[in-house]
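This structure is in structure tokens; I'll ask about it shortly.
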Amino acid sequence: MDQVKEFNEYRAKMNEVLLGKNNKVINRLFNLDTNTYAEGALPVRTKEMLGLVASMVLRCDDCIKYHLGKCHDEGISTEEMYEIFAVANIVGGTIVIPHTRRAAEYWEALKAQ
Amino acid sequence: MDQVKEFNEYRAKMNEVLLGKNNKVINRLFNLDTNTYAEGALPVRTKEMLGLVASMVLRCDDCIKYHLGKCHDEGISTEEMYEIFAVANIVGGTIVIPHTRRAAEYWEALKAQ
Amino acid sequence: MDQVKEFNEYRAKMNEVLLGKNNKVINRLFNLDTNTYAEGALPVRTKEMLGLVASMVLRCDDCIKYHLGKCHDEGISTEEMYEIFAVANIVGGTIVIPHTRRAAEYWEALKAQ
Amino acid sequence: MDQVKEFNEYRAKMNEVLLGKNNKVINRLFNLDTNTYAEGALPVRTKEMLGLVASMVLRCDDCIKYHLGKCHDEGISTEEMYEIFAVANIVGGTIVIPHTRRAAEYWEALKAQ
Amino acid sequence: MDQVKEFNEYRAKMNEVLLGKNNKVINRLFNLDTNTYAEGALPVRTKEMLGLVASMVLRCDDCIKYHLGKCHDEGISTEEMYEIFAVANIVGGTIVIPHTRRAAEYWEALKAQ
Amino acid sequence: MDQVKEFNEYRAKMNEVLLGKNNKVINRLFNLDTNTYAEGALPVRTKEMLGLVASMVLRCDDCIKYHLGKCHDEGISTEEMYEIFAVANIVGGTIVIPHTRRAAEYWEALKAQ
């Protein structure tokens, strides 16, 4: 199975488990998370870039994949994407490189769809 | 093989390699680690919850699995577990969510045993 | 001015600034944060210990001070407190020690009130 | 002395010490850092927002101050700024709140100039 | 396929993708990364140990593997290696243990070549 | 008071408080910490460099100061020191720069003694 589909399916399946336990704090946090990236004074496109760079410097591969998907939906170009990668790698250091390799691979998978 | 067994076997196998080199600092740290979670002014049950939430905000999947196993042994309920997940996700942010998905999956595996 | 008072006053003053801008996400996150530590399947006392150990391994002095204050309110003893410090230092390593020094100092200030 | 001036002066003084040792790697990294935020496929304004959110989730007060200054130069509004704060606090969790308090204070100092 | 070969091949393949986009900042950072570990006032051998311990406390498995390979090339003994592991685990805490297990496994693979 | 003296005095005073509570885990961890940097397969000098670079990428100013003091005792030159700074800043990114500024200032204070 291709990695975009695999990522989305596992995420959807486990979110269902997590939210199904009806822990109020967790369910409200998920809701708040969605609102964070909604159109506001800043456009969705910018907010998704912010979410991506934050995920990269914190080195969370799944969070990176999620925001890469959203950035792809927002029509961010490969040239722009690599400038986000550049900020993440300069701020976060070479420790971010292995995550950038996986991000680059996932980005190619998104472009190939 | 189920993931609980797989986790425990790899952990046991590699601990043997690590401890077999007789590095005094590492071997004493392993020993000290065990003592940390022993009954004291705080009960084992509370200490394992502390170890779990610390592992979650530091986002170490294997450490999370280990403490999930111990919390399961201590009879922590699913409702209590999700309140620990809630603290970890609020303190540590949405960057903890992917680790919580995997924790939820492992918790289900523990309950299914 | 003693450090407990100084901490609480700066925190209150800046929370007013932050919440006064009416950013919905931030204001709801503050609200959710409060709910996280409310009585539930786990008692407030346990949740505050969880919040403290999470703050210690993430090495945030102000978060540590906040939860130390709450733990003090919950009647946690010095012996229990040092067992929480022990978990944080074992999980998080000696990098947590300088934060533990400041935590110990603040704890003494709380006890002296 | 006001905190904007104090921050800039210490930064300038110590950069001089650092760069004066002529370590090639450090001096080239400083140079590369400057290039990272130059106009490219993404405008300076967006890149500074990326640098800020990355600094916030990594919880580096001085890096936050630096990018706050740059964002202020780029004419970012308070409403936009708080949306960046929101992304940082949701992704990074409540552990980011104390840094956001100090960021809010510095932002007010920048606006007051 | 053995894990040393697998690691090196994926790394080489994705570095080609990353560098092929001609983002100046990323390409120069890769170049600067190489220079960092070149012979200087400190020998390569010491610098690779520094790179390894930094990668361990930051808990990046791929960075760890890379520097383990380099340390192996530099003739570092298993006894010396475990002293590096000891520093990383004491400074970084037990959260580093799972990464040390994987490091120990990779080290054995390097020795077996 | 000069910052070297101030740092050492606060550290000594608070260690006394911490160790005086007789929490076995904490007291043994302090003891183990000392052993970690003792002469072994690797010389003290190398181990202190390892401790320093680990402290820098984890961005703990007090840990950095402690190991700077030890490195100074071991006769590490300024040129060598800046190569350690270089590794820390490349691996850890520009987020390490503010800590490097403070490290450089403390290093000058140590040299001036």
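Per-chain residue numbering starts at 1, and chain names A, B, C, D, E and F are given in the order in which the chains are listed.
Just so it is clear, a residue touches a chain if its C-beta (ideal position, glycine included) is under 8 Å from a C-beta of that chain, and two chains touch if they have at least 3 such contacts.
To keep track of the chains, here are their UniProt names: A, B, C, D, E, F = Carboxymuconolactone decarboxylase family protein.
Just so we're clear, the structure is a prediction, and the values are computed from it rather than from any experiment.
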{"item": "Mutual neighbours - chains that touch subunit E and subunit F alike", "value": "A, B, C, D"}
{"item": "B-F or B-D - the one linked by more C-beta pairs in contact", "value": "B-D"}
{"item": "Equivalent-chain rotation between subunit E and subunit B, CA atoms, steps of 5 degrees", "value": "120"}
{"item": "Most remote chain, CA-based centroid, reference being subunit D", "value": "B"}
{"item": "Copies subunit F and subunit C - interface residue numbers shared by over half, same or different", "value": "different"}
{"item": "Separation of mean Cα positions, subunit C and subunit A [Å, integer]", "value": "30"}
{"item": "Cα-centroid distance, subunit A relative to subunit F, in whole angstrom", "value": "36"}
{"item": "Two or more partner chains touched - positions in subunit B", "value": "25, 29, 32-33, 36, 54-55, 57-58, 63, 79, 83, 86, 89-92, 94-95"}
{"item": "Topology of the chain contact graph, where touching chains are joined (line, ring, star, complete, other)", "value": "complete"}
{"item": "Parts of subunit D lying in touch with subunit B, wherever the complex brings them together", "value": "57, 89-96"}
{"item": "Residues of subunit E defined as touching subunit B within the complex", "value": "59, 78-79, 82-83, 85-86, 89-90, 94-95, 97-98, 100-102, 104-105, 108"}
{"item": "Residues of subunit D defined as touching subunit F within the complex", "value": "10-11, 14-15, 17-18, 21, 23, 25-26, 29-30, 33, 54-55, 58, 60-63"}
{"item": "Subunit A partner contacts - residues on subunit C that touch it in the complex", "value": "24-25, 28-29, 32, 35-36"}
{"item": "Of subunit C, residues touching subunit B in the complex", "value": "32-33, 36-37, 40-42, 46-47, 49-51, 53-58, 63, 77, 79-80, 83-84, 86-88, 90-92"}
